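Look for subunit A in each of the two complexes below; its partner is subunit B in the first and subunit C in the second.
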Partner chain A sequence: MMPLLQKVYDFVDERIDLKTLEAKMMKEPIKGGSRWAYVFGSVLLFIFIMQAVTGVLLMFYYIPSADHAYASTQFIIHEVDYGWFILSYHFWGSSAMVVMVFAHMSQVFLWGAYKSPREMIWLVGLALFGIVMAFGFTGYLLPWDQRAYWATTVGVEIMDKTPIVGDFMARFLKGGPTPGQMTLSRFFVIHVMVLPGALMGLAGLHLFLFRSAGPAGPFRGTPEELKAKTDFFFPRQVWKDIVAMAAVFLTISSLALIEPVVLLEEAKPDPGDYHPEPEWYFLFLFQLLRWKIFSGELGQFLGATAIPAAFMLLLAALPFIDRGPERNIFKRPIALLSWTVVMIGILVLTVSAIINREFLD
Partner chain B sequence: MSHPATTISSVKLAWALSWAAFWTGFPFKMIVALLLLAAQIHPWEGAGLIALLALSVPIDIWALGLTARTFFLERMGIEVRGPVGIGLWWQGAVLGVATLGVAYYAVGATAAVCQKATAATLELVNKIIPIPVAEQITIELLMWAVPTTIVAIIFLLIGLKLFGWRIKRFAVASGQTSSAGLQERVREWDDWRVPADPILMLVSFTAVVVLLTVAFWVLLPVTTTHRHPDYPPPPTDAVKKKVKPEELLKKTDASLAKAEAVLEMLEKEKAKEKKKPVGPGK
Partner chain C sequence: MASVQPKIKSKVRCVDGEIGEIVHVIADPISLEVSHIVVRANGTQRQVPVATIAAVRDDSVELLCNAAQVSGFPEHRPEDFLTSKQVEIPHLENKVHVEPGDLLVPFPVLEKSCARRNFFAGFIHVIGALIGLPLVWPVLRFIMAPMYAPYDNRWLKIGNVSKIKTEDVGVQFIFKKSFKDSVLQREEDKNHWVVKATPETLKKVYPQGDISFTDEKGDVIWVNKQTVPYVAFAGKCPHLGCGFKWRTHKKLGQVFLCPCHLSIYDNSGKVLDGPAPRPLDVLPIKVSATGEIEIIDVEYKSGKKELVRIA
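Right, the complex of A and B next:
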């Protein structure tokens, strides 16, 4: 190491014991060695940091008022230097976050990494999943164009159908009888303060729990084999993580360049010929609601709230129901089948919703 | 004597190499694509595509060479000297073009037949259980896409089998099994791939990232290329006059000379006035 760097290092080390910290951070043993399958969690952290950076830049210009939200967003796109790119990156970054959350959940599910002693990591992970989806829902309203306004209106309407608490939840979010300034203020504060705070806290907890339990490692191989292949976090896993982050960054940037954000007309209380539609990752739920069995008040509640809630509860209970020590996915036929069915179901419903949109347009 | 290379399945061998080489080269190609995009050149058509493909060739050769050497050594205990990447790459390219050509027609024909069959089947099902239109289209899509994909996969396997066979021959013909312990050689390789001086690696890595970032921001358009129809178009810059430095200098000189002359005149006048006798009443 260069002498100056060494001096700086020694200076800091003397004061905060950098060596122990470094050993703890970088020398974490990874059973069975580094793997590409383990990159998703780090990639999620990276995407979140980039969302925070681009989000702060957007907040320099964005005005969260019903009178100015649309104009200030248009200003960002058309007048602010590179504003269009920052906004488009933020937009595509949110989709990347959702895709990566699904990938990360699938990985830990298929690897059986939710099993004892990692139940708490899984539970905190589910809360993080909720936060990521809430980020998408609240962020979608902020540009205040027709798409934003009507997606939120429909979303809150659906929430309203929930018995007992629905009315309260809808009014709490809307802040009035129809979506307006109050709604925008609430969504803005939730999007830029509540959710980032919650995500940082819970991600910290998630990582603390992860470091306490240690990585689950591969689901195949005898303990001796795994021990022989064990490697430290640095440098091989760090390198894989960096390559994955770079690939994700390049993909998001390319999407921002190919399909930059273009707003619709400013929000108004008449949808005109615009067909309200949520972000693509809520489309499968939206499509479910088009089915006949989910028509009517009760049906809408079942399709939009009861079934997803029951599914989330099932996921939360999973480590406590599925207690067999077997982690090899090829020896857990029910788990493999369930994952396949859920993924195909989501795929079919999402594609159907897109086909429906083509019909409507 | 059975050579260690001959016991490995050709398909697995070719797949392992192609897959690892693909991901090794991918980030570099993405960087090229992103820089092209920032410069408003589409990397999927015309000059952009040609540039991307041309740059992909050396990247692929390098990636294939790197992964092949590692794989030969780790899994087969064979060390190959000389240009591995190019030796494998051209064979892969020829086989790839040939397989892709045949596959293109076979997959197309399968898709056509399956589409007809599924349409007929769904019509029948629909008479018994009515299905919503969008779901019907999606299921139809799945029903013909699945067999078509299977045919595509079969061709992929054939291509891999052929490529694997070539790779094996290559490894046996130009490689040497080493008497030294495999563990020893793998470690040697590992050390080569993970630089001994991580600080140096980090510094050079950072330097490259900074360079690429600067290039990216220089190329990136400042304002959006997708303007909103209702948003007023950007003010067209009035035709700017070209600045000619010499003329500008001459002009300045001229006006300075003029100013000097005026000043001189004023001073002379002042001097004259002072010489005048003081008038009465003062």
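Right, the complex of A and C next:
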């Protein structure tokens, strides 16, 4: 290290014991050794940081007003140097976040990492999942184009159908009986202040709990084998993490380059030729609502709110129901089957929503 | 300045011979230096001040005094001390090299006689609640302020009937609606549909006869006469609020079709297919002698069987 840097390091170390901190951060033994399967959590942190950076940059030009949101977004895309890239990166980053959150959830589910003593990590994780989806939902409105306006209108109307609290929740989000400036203001403040704060706090808690419990490690192998393969977080796992982050960065950047964000017309209560549709990661729910059994007020509530809520509750209860110590996914047939069914279900619904598009024109 | 670093389990030797071993080390929480060692001799633990230490060696400590003097030091009372694990004293464990569990610091005198600990805890919570509770109502009202805006009962011109060429066909009227949205004066494109209905269709639109419209108080503001052939349907799908279109369907012929969840309505607004819970919403309509159509932009809650007016 350069002498000056060394001096600064020593100065800080003397005051806050950097060496110990460093050792605690880096020298976490990973039983069974580092693995590519463990990269998803770190990648999520990376994507979030990039979303925060690009998000703050976008706020330099974005104006959260029904009169100017659309024009200021167009300004970012067409006039500000590299505005199209920053915006498109932020856009594709949000999709990457959702993909990664599903990957991370699948990994910890398949590895049985939600089981005792990691129940709290899992529960906080579910809250983080909710936050990630809420980010997508609130951010989608901000460009104030037709796509944005209609996805939100329909989304909020779905919420409105929740018995007892639905009307209040929908009016709360809309800031009135119908969508308008108040809706944009609310979505904006939730997207740029409330959710980032909540995500940072909960991700911190998630990591604290993770470090308190220690990594679950592989789901098979004798203690001797695990011990023999154990290494520290640094360097092998950190190396794998950074390679994964670079791959994700390249993917998002390429998508931003190849498929930059293009806005539709400015939002208005007349959909014109546009067929309202939510962001792709909500399409499976959207498709569910097209089924006959989910028609009518009750059906709608079932399809759009009750079933997803019940599914989340089931996930929350999972570590308390599935208490067997067995973590090997190949010895947990029900878990493996359920995961496969849910994934195929989501895939089939999403694809059929996309196929339905053509059929509409 | 090298501070004394006695080790646990070190033998303790007086001028007149070995008397026992160190079981704890007591540190001063202010100077962060060792103040006493706790020596176990003949089954009792005694606190020996550091000043008594002559030398600290690898596995032993030499004292300046004799065994009899050691018996004169006060007995160690564990209840008067805390281990360094139980308290937060920055840098202490770096300065005194003893296992955290064996490193003791005195229990503060004020804390020992703190009889009203529960009272303080209660007091802290009460004050916290007194700060927080009065804010609940104002904050709630603050956030809720725009949520229950009054209805807009203005008549709006949307176009002329001359645009309608054929009976029983949906014709879209796009019009500009200007309104105040919080502090903004805004203008938006809106759209509604007008059908010039034949008597049969009209019967399907008004199965119960005339339709009356009310304000917040329930007072009737307008009645649509079932004899007026022009029927205006709100452009918002009663399912979840998307905009529907007038389309030709393979089997059903010309219908209103909503692309969102594929609800289909006939020209009287009746649901033919899809998840919609009720027919298309009929708006208050007035047609002047010159054919100008005016409507009140009544809005109902979507997704409900019954009509719940929201704007």
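Annotations for the structure displayed:
Keep in mind that, in the parts below, the second predicted complex is superposed on the first by the 352 of 361 C-alpha atoms of A that agree within 3 Å, B and C clash if a C-alpha of one lies under 4 Å from a C-alpha of the other, contacts with A are read in each partner's own complex, and residues count from 1 in each chain.
In this text, contacts are C-beta pairs under 8 Å (C-beta built on N, C-alpha and C of every residue); 3 or more make two chains touch, one makes a residue touch a chain.
Source: prediction; values computed, not measured.
After overlaying the two complexes on the shared chain, residue contacts for A:N328 are found with neither subunit B nor subunit C. Of the two partner chains placed by superposition, only subunit B is touched by A:L263; subunit C is not.
Legend: residue contacts after superposition of the two complexes on their common chain; A:D81 is shown touching subunit B, with no touch to subunit C. Once chain A of one complex is fitted onto chain A of the other, the partner contacts of A:G176 are limited to subunit C, with no touch recorded for subunit B.
Once chain A of one complex is fitted onto chain A of the other, the partner contacts of A:R290 extend to both subunit B and subunit C. When the two structures are aligned on the shared chain, A:S116 is found in touch with neither subunit B nor subunit C. Once the two complexes are laid over each other on the shared chain, residue contacts for A:P235 go to subunit B alone; subunit C is not touched.
Note: residues 290, 292 of subunit A belong to the subunit B contact set and to the subunit C contact set alike, using the contact criterion stated above. Across the interface of their complex, subunit B is touched by residues 1-2, 5, 36, 74, 77-79, 81-85, 235-236, 243, 246-247, 250-251, 253-254, 257-258, 260, 262-263, 265, 287, 290-292, 348, 351-353, 355-356, 359 of subunit A. Interface of subunit C with subunit A (complex): residues 91, 94, 143-144, 146-149, 174, 181-182, 184, 186, 188-191, 235-236, 239-243, 259-262, 274-277, 299, 301-305, 310-311. Only residues 17, 65-67, 150, 153-154, 157-158, 160-161, 167-168, 171-172, 174-178, 180-182, 185, 268-272, 275-277, 286, 289-290, 292, 294-297, 299-300, 360 of subunit A touch subunit C when the two sit together in their complex. Residues 23, 26-27, 30-31, 33-34, 37-38, 132-135, 137-139, 141-142, 194, 198-199, 216-217, 220, 222-228, 230-231, 234 of subunit B are the ones touching subunit A in the complex.
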